[in-house]
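Presented sequentially are two complexes of chain A, the first with chain B as partner and the second with chain C.
Up next is the complex of A and B:
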């Protein structure tokens, strides 16, 4: 178990290093931020001074190691626009994003999993078909279209809810619904598939053939086994808590990480973009680690030989 | 793999078929109506894309200032016009061409890139394999939208770059599938046989292993293709994808969003097209998967 853990931790760290490197290379090599920030009319001296003050005149590898060194001390650089520490600016926005994505995650789990389970247990019933149609719709309707349709219905036609902003609790309803409905549909489809897979296993037939009540077969045999693939998807959704609302925040003018990222990218605010990239990757990697540990809890077989499953 | 958002399509409902190999199959089930409709829609979209120049009644930038914000059904502008009096139908037709072109180019790129890397990993093993798998892990760890946002805005925006970027979507899935398939094929007699006959590795992979794994890869393509359409339209919607004066389905929705209250048809026409197209390709993919490749079920 210890070997498995250290292997997973090492891979997680490696992924983070790769993300940082990627961010650094792409952002630094893509163009000259000094020209962009200062404008084309700035004097050469002013541009040189700007470069020197941001370390942009050093060789690229010096900048790279300096970045890692600063990173190790928790310094992610200053926003070139605001002059504030990028990490502070980004962390300021985290609560606003989580205020959307956490309730949305609860909706996804609370609606998606029961719907998937019910549909699988009542295969080919009217409800099963309805769940499947909704699930396919949830995959094919992009979130920006769904959010605009919800605005059209609830804000424009009915006038029940505001269409954008973040002043009151009511402002969060439409963005949370947009995120929650789409995710619930995907989760329902996954849960249903996983359930059907397990329902077809010999051990389920054996259990019901030897007279175990159906309810106990479902609760004791089917659900625990079907939850394993479902947990993978939930883990992915948890990893996406920070980055999952880029489009929706933009549509609803919600002041979260996603909107900040779009603005920072448009302004070429390098430090902010890198900070967000890093935060997103760290969340994702952490969620994957937790899922790996959960596998062991859910599936006793994996506790015996965890490393066997970790490979490719 | 746990790192990748496995598409729901890759999960299975094994009750439906799984004929044991070589079992007798009396007759093929008829093609369902939904698949016919989906196929018809895809064919129609491809025709629209190919014949856009002939079909579009107006230029995409042609103004008709006397008919601004005309509702759908106005003679001469059957889908209405936008705020500048540009014909929505004409813009829709050209947008379909642009969006399909990007999605198709990107889907091919992603398949070629992923399959090649997967084969390379399977052939060389060792360090090459570790690097490919590490890159795949990296790709899976970073949401594609975030990666795309960073690359796009920082490298500026051209159509070629945009297609290349979209071509990165899903490569890691092809790579994993291709690697797995190549490893198992290498152990089978036919690959060993051609190798013994003196065929070069490239010949073994592309003339013998690729055809034997093509059905699985084609099915994966039908899963990735709608994702590319959705990603392209999402980025264009945010104003970071296809740039004006060029138009795509996503940028049309983005533009139409400004007129949601006064002229919802500007946004609805491209939105419905996106939904129907992704739906049609997904349905076709499901059906193809059942037909071609029971192992992906």
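Up next is the complex of A and C:
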């Protein structure tokens, strides 16, 4: 177990380092922040001074090691725009993003899983077909289209909800719905197929053959098995809590991480972009780690090496 | 003796295709009945239908009674009492027939709670006793094991123990050893035979292997294309099969000892249930076919003591040795 854990932790750390490195290289190669931030009319001297003060005149590998050296001490650098610590700026925005993504996650789980279970248990019924049509629609319609549709309906036509901004709780409704519906659709489809797969397993028939009432078969035998693959998808969604709202935040002018990322990339605000990516990667990696551990809890077959199987 | 269980004109159709085509059968208390026939002939669905275990899309007609209780169309609560109670069932692949995420002890305890009302320590003690009975060493520790930690043979023993939890009057074993090694096969079949005698429990043993079935069963029912084509005491069937299909099965068996061969002795293939010939379903493959077989469906009829056969020109017919009835040359 300890070996397993340290192995996974090592892999997680490596993943984060790779993401950060990749972002570092791509960002430095894709444009000069000095020009962007100082403006086209800035004098060459001013630009040179700017570059020197941010260390941009050093070779890229020097910058890279300097960055990691600082990172090791918890210093993620300053925003070239605001001069504030990038980490503070990013962390300030986290609650706004979570205010969208956490309720959306609850909708995804609360709507998607029961719908998928119900559809599978009533396969080919009218409700199953309806759930699947909705799920495929929710799955294929891109979130910016869905958000526009919701805005047209609820903000423009009905006038019930605001179309953008973050002044009141009502402002969160449409972005949360946009995120939630799409995810619920994915989860419903996935849960349904996981359920159907398990419902066909011989052990389900065994349970019925030993006289377990159908309800108990579903709850006690089908669900514990069907939820194992579903956990992967939920884990992926948890990993997306930070990064999952980029499009929706932009459409609804919601001041979260996503919008900050878009702006920071446009401005080549290196430290901010890198801090966001680091945070995103860390969230995803952490969620992945939890999924891996949860798999071991949910599925006893994964708890031990196959070599440890008993003989006759 | 009064029958323990009676099937009467049991029929199953999937999507309008008649798959089990009117099966009638009695099982006496404590008796061992074998069912043989090629893959797809309806051995499994006979019992799944009787116990209400087929998917909803299957249409089931006819009657299956145990001790005066009708099972076909019975309410779920009644079926749940019978299943795992008076009738236990075990299946072909023990590795996938047990729930992979639940401990053995828990799966046994579930059956014990349902059929004997045992919970907690009492259930655990009884579960251990059952594992002892089916010959699992170190039973107390095995209760905490998961199915993947046991071998196929051990898992099948667990399945048997679970079926015993309800003290069944009838145990249906659907190819219980097909997935197991030869030596384990023998052990499992011996165990089933021993349990049957000790508990006076009737046993239905489903298999492809006529030799195996004859060795372990008093009586054999041979199935073809959703019907019983011959039913006889094992010895009689071996001494003198009446149905040409049963005769073909027997001829394919190695004599006395020697390795068992896969069951594919008769030329031709199993018919497509969606397009059965108008007359006898076995006709196109039958070496004894006569003209009447093309148009007339034979019916299962008495053929001596405890024997029934479903053939217009069985091996006891007057035309038996003549060539007049033979139509081998133009099989479809």
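Basically, the second predicted complex is superposed on the first by the 305 of 312 C-alpha atoms of A that agree within 3 Å, B and C clash if a C-alpha of one lies under 4 Å from a C-alpha of the other, contacts with A are read in each partner's own complex, and residues count from 1 in each chain.
By definition in this document, a residue touches a chain if its C-beta (ideal position, glycine included) is under 8 Å from a C-beta of that chain, and two chains touch if they have at least 3 such contacts.
Note that the structure is a prediction, hence the values are computed from the model and not measured.
After superposition onto chain A, partners chain B and chain C are found to sit side by side with no clash.
Look at A:23: by the touch rule set out above, it reaches chain B but stays clear of chain C. In the superposition on chain A, A:219 makes contact with neither chain B nor chain C.
Once the two complexes are laid over each other on the shared chain, residue contacts for A:70 go to neither chain B nor chain C.
Of the two partner chains, neither chain B nor chain C is touched by A:60. Once the two complexes are overlaid on the shared chain, A:136 sits against chain B while remaining clear of chain C.
Legend: residue contacts after superposition of the two complexes on their common chain; A:15 is shown touching chain B, with no touch to chain C.
Once the two complexes are laid over each other on the shared chain, residue contacts for A:261 go to chain B alone; chain C is not touched. Remark: least CA distance from chain B to chain C after fitting both complexes onto chain A is 9 Å. The interface of chain A with chain B overlaps its interface with chain C at residues 312. Against chain C, the residues of chain A that register as touching in their complex are 201-203, 205-214, 220-221, 224-225, 228, 298-301, 308-312. Interface residues of chain C facing chain A in the complex, by the touch rule stated above, are 48, 51, 53, 76-77, 80-85, 88-89, 91, 93, 96-102, 110-111, 114-115, 145-146, 148-151, 153-154, 159, 162-163, 165-166, 184. Residue ranges on chain B touching chain A, taken from their complex, read 1-3, 5-6, 8, 11-15, 133-134, 137-138, 141-143, 145-147, 149-156, 176, 226, 230, 233-234, 237-238, 240, 250, 253-254, 257, 260-261, 264, 267, 271, 274-275, 278-279, 282.
On the side of chain A, the complex with chain B involves touching residues 11, 14-15, 18-19, 22-23, 26-27, 30-31, 135-136, 139-145, 148-149, 151-152, 156, 186, 189-190, 193-194, 196-197, 199-200, 229, 232-233, 235-236, 240, 243-244, 246-247, 250-251, 261-262, 265-266, 268, 273, 276-277, 280-281, 284-285, 288, 291-292, 295, 312.
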